[in-house]
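Each of the next two complexes has chain A plus one more chain, namely chain B in the first and chain C in the second.
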Partner chain A sequence: QLDHGCALHTAARGGLSSVSPQDVLAERPRAVFHTSESDPAKHTEQHEGRLYSIPLEEVKAVFPHGLPYRFQQQIQTFNEARLMVRRPALELLTYLKSSNLAHPAVRYVIYGERGTGKTMTLCHVVHYCSRQGWLVLHIPDAHLWVKNCKELLQSSYNKDRLDQPLQASVWLRNFKISNERFLQEIKTQKKYTWGKRESTEEGRPLGEVVEQGLARVRSASDAVGVVLREIKQQSHRGSFRLLVAVDGVNALWGRTTLRKEDKSPVSPEELTLVHNLRKMVRNDWSGGAIVTTLSQTGSLFKPSSAYTPHELLGKEGFDALDPFVPIPVANYSPKEFESCYGYYLERKWLQHEKAHTEDGKAELQFLSGSNPRQLDRLAGPL
Partner chain B sequence: RIMPVRWSRYNPSYLEPEVKKESYQKPLEELTEEEREQMELKAVRPIKAAPPTVSSSVFSDPMISKFTNMMMKSGNKVLARSLMCQTLEAIKRKQLEKYHKAPENEKETIECNPYVIFHQALKNCQPIIGLSNITKGGKTYQVPVPLTDNRKRFLAMKWLITECRENKHRRTMMPEKLSQELLLAFNNEGPVIKRKHVLHKMAEANRAYAHFRWW
Partner chain C sequence: TLRLICTTTAVQRKNARASGPEKYTEAFIKKQIEEFNLGKRHLANMMGEDPETFTQEDIDRAIAYLFPSGLFDKQARPMMKHPTEIFPEQRKIQWGEDGRPFHFLFYTGKQSYYSLMHETYEKFLNVQKHQDQLIAEDLPLQKEKRNLAGSRWLTKIELEEMLLEKLSDDDYSRFIQLLQKLVALPCADIEESYIQKFSKELPVQLQEVVIEPLQYDEQGKAFSTGEGKRKTARATAVVYDNGTGKITVNGADILHYFPVLQDREQLLFPFQFLGRIGKHDMVCTVSGGGRSAQAGAIRLASAKALRSFVTEKEVECMRQAGLLTVDPRVKERKKPGQEGPRRKFTWKKR
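Moving on, here comes the complex of A and B:
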């Protein structure tokens, strides 16, 4: 039985205990839009619109990849990571808490217009799951696997498919950082041969497969495939709970911009990483959940006004993902806008004299249309 | 078909538009005599169209717009404006990081407002006296000459931009270079301040030719 009480790593646990006493005192004047509850399991509707902070060691352990670039810059400037608790995330958390793990995995698709906070909702859910001790399979952006690939190798396992060593090794490295203790505890169930002299026996910890993938970059995509297969087969036993978090899932069923050496276009099925991920996203396994996000910003050959699941996934993707729970994410409500504006003021991010006035606030609300991304970009130079 | 015209061809009776919201929100009693006459005149005379660069936003700043126009190349105002926004954000980030790491007593001395830094840096870069070429008796002399405010501002901005464009490594981005230059100029260091001092010294050295100026 794996221990999934509440903590992730002993290093992160040291940071958690320092949350309560000083924060209650320091946060009384700014209690309106902050909350000292840093455990996502305890977030309820009364925390809606408020920002909670994640200790920095936990950020490094849980999110080696996956946070948007502007949010990472914000963490570095403010020296703290604050995430807003919003209604779609709370909805997802209630579904996850009440889900029956004996049933096949339920698929959740987070969709919405550009810049409304889909990736941040996904990160909130990933934080909750890692706090609860689930095994988190987080793919930060599936679009990175279907475009701008410098090296495409022909796969040794299956002649028709193509390997992507660079992307696979980067993902394996980050997976190792976020899920270290599971890698020791999950054992392989089959013997895998990597080449003439290298093979992994049955019953070895999964960490060895990951090391193999990192050491021999040529077989990194196959290592990823092995990891996914093992985890999927063992999840129904109940020894650990699995969360598959994919950002930009519409990349798996669209077109790619990659070409083979004879200049013919590559379709997503021909890539090993995409093929294995599609098997992961099918609901033929139990003992966990699949949370995905649609994303137009990184997508290929899709118009910029497309945001609904049907437009972005296409017929093939929609049929493959078919019974799913759609979760729409909208722009900031007035209360959320107030709390975001107050946070920027308190952190001295809005430095312009006029930004502190009512006129400035009204202008920011009008210009951004309460869209979180636009507000962030407008507040940058101000 | 609309023909582009370089200088404005409005009738002299047309008045300039008033863009700021505050001037329209003042109640009648607070206005002085001149302002009341001005308002009555505006009710009668036609008004010119407001140029697209002028905005009624509370965040607009004429100096920043002028600097953005000078940074613009081949009419690409979108790119110039985004570079300006990224520069201001870069200055703010650097100063905020310094602010959060500094001990309590030094926190008040660190200036985090990018607009204040920008204006102060420009003021520090403005030369007081300039040189102009005057030809007398076949030879051209560099004569020290007083400069108007507009010319000073223009020279400061031009020096900053040329310094960033030419004397930096090819691969550094403009916001990074500009933010660095502005922070150095704010503290009265850096190559632009040096260029200003060189100009002052040349003017001081050529003091003898000052009487060649006839205006």
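Moving on, here comes the complex of A and C:
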């Protein structure tokens, strides 16, 4: 399979200048870090520590808003998207493959220290599910909904709650890009009134609701709520499988930095988006799975050394999410570190002369502590 | 008679001029010594110790205890020493009541210097005479060379202190040349005792740094400890052999304790210098100081611990690289009349 991978790799490179014997020799060790297996469904322990590539069109379709910023920059620089296959992701994939869809949705919480690759694991799982044809509800970062919001409108649906039109419309747009075909298939089951004149009849495709939300920004949050409710109600029928992927789920139960007009603080329940999302994350529906990530980086009012579910979710969140399957993500193992380092070398990202030596590698490993984020930041200026 | 109320400027100047260093009379010195001894006994009583066996060290300790001072300069702190150490030796009056000087070389101006030169030359002639005698008797000349490498001549300042009068560089160099000529003669051993008055032993070598041998813990792993400090931070490091390069600081991982890259580079430096990055494990404790100071302290401690694992040549290399030296820089004191150690207050024209 190695040779197969190597041959595909050289072919995929597209005929570069004449392949001299040195090129062939140099490419052989390179192929160890990569696999040509671009379907996450077929990833097994053999592929652990290797990087697989996602075609760029798929990236645009599946991840309009999910990838971390630095990774997006890396994709632009290298002109390809390479994701490392790691053990937590493989574990999650096996669980998903063997999950029984008739049972209520199982919740998975990915947790770990800062910069160990939780968001990337989530993206791996999302890619798998989208390949398998699931309906993916991907919220890139729930922290964006509880802080730095410029506009807060009082919800027309429920007087106590507050709307966030901007965030809701952004999310709806991205949702539309990622799940085009589902929006035509799923039909509404109830009649929804958006105001004095607009309303959506029963049996209309969900795409119309989304269009409505995008066109009338004021009612975008309500549109989001409608979409979520419809999807939840129809998922157990079995026509499609639903994956709820939330990054930074601890934002739903913490505090917010938003204030009402009379300067009183807003608690998360008073936000429509958060309220609806909490309903999704409850496991009272079947026919899919819920995969969430804890994130300390964007979290508010939490110490920087906190990374366990208990600390970051707080009592309320923990009770709400309980029971769940915890999946810890750790720093790079030596093998994973080697493949990441090899990848940077191969793409000529490490320009420094010393970086090519064994000593340089040992130095990088020491200074980054095998932490993926630190390694990425270190390798940047080199 | 009229009293001169306003004196002329010349007289005023003479009165105001400093009359040189104060002359202490012999009686004054004697009184000081008596007072010192009495004070010593009083102090011994106060501290509850035996007045008879109260040494100078005990006095120093007692004074430091009774008058604690935070001044940096040791000479500025309160001290109680024998008057001969405090009052500098001075030349007594060189002439008698009739005005006639005691020493025959008084009118040369540098009487002790010239008398010293005369004495030394006398010894020189003595040695030459002895040598001639031995040659006449055909006896073998003694050829025991003095160890010149381990001793040095007195410096000009030390010689001035000995003679109690000022010398010029030229005088000093002439004296040293004479001494060297004397020593060069084969039979100079006769005047050995005289020569030893003017030579001093050099300290043998800079403090011999003892490199501790490796210690072994229960499982047979070799380890060694080291201590280091920087500014106000103190650190101890234990470096284990056969490791993976993992470092623990105060119970936490290095990434957690030092989020800044610069500190981690400081820790990396000793290992990188010796080329042993992934080979040792380290457990260290550190307290005090700030983030940079703690990193520097751990660096010093780990370098000291690594000495036991490494050959002597590499230890010398480390020393020259500056890995084993304590960084003497500390925070400078703020001075009165200034805003900080160097910064002056804003200057306003009016």
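In the analysis below, the second predicted complex is superposed on the first by the 353 of 382 C-alpha atoms of A that agree within 3 Å, B and C clash if a C-alpha of one lies under 4 Å from a C-alpha of the other, contacts with A are read in each partner's own complex, and residues count from 1 in each chain.
Just so we're on the same page, a contact is a pair of C-beta atoms (placed from the backbone, for glycine too) under 8 Å apart; a residue touches a chain by one contact, two chains touch by 3 or more.
Keep in mind that what you see is a predicted model, and the values were worked out from it rather than measured.
Q: Is A:Glu316 touching anything from chain B or chain C once the two structures are fitted on A? First, second, both or neither.
A: neither
Q: Output check: A:Asn371 vs chain B and chain C. Expected answer is one of first, second, both, neither. What do you get?
A: second
Q: Can you tell me whether chain B or chain C touches more residues on chain A?
A: Residues of chain A touched, chain B against chain C: more for B.
Q: Mind working out whether A:Thr77 is in touch with chain B, chain C, both or neither, as first, second, both or neither?
A: Only chain B is touched by A:Thr77; chain C is not.
Q: Go through the superposed model and pick first if A:Glu45 touches only chain B, second if only chain C, both, or neither.
A: Neither chain B nor chain C is touched by A:Glu45.
Q: Have a look at where A:Gly380 lands relative to chain B and chain C in the superposition and call it first, second, both or neither.
A: A:Gly380: touches chain B, not chain C.
Q: Once the structures are superposed on A, label A:Gln351 by its partner contacts, choosing first (chain B), second (chain C), both or neither.
A: first
Q: Does chain B (first) or chain C (second) touch A:Glu363, or do both, or does neither?
A: Both: A:Glu363 reaches chain B and chain C.
Q: Would you mind listing the overlap between the chain B footprint and the chain C footprint on chain A?
A: Overlap of chain B and chain C footprints on chain A: residues 359, 363.
Q: Flag every residue of chain B that touches chain A in the complex, lowest number first.
A: Interface residues on chain B, with respect to chain A: 21, 57-59, 84-86, 88-89, 92-93, 96-97, 99-100, 112-115.
Q: Which residues of chain C touch chain A in their complex?
A: My answer: residues 245, 253-256, 261, 264-265, 268, 271-272, 275, 277-278.
Q: Could you please specify the touching residues of chain A with respect to chain C in the complex?
A: Chain A reaches chain C through residues 305, 359, 362-363, 365-367, 369, 371, 374, 378.
Q: Tell me, which parts of chain A touch chain B in their complex?
A: Residues of chain A touching chain B: 73, 76-79, 348-349, 351-355, 357, 359-360, 363, 380-382.
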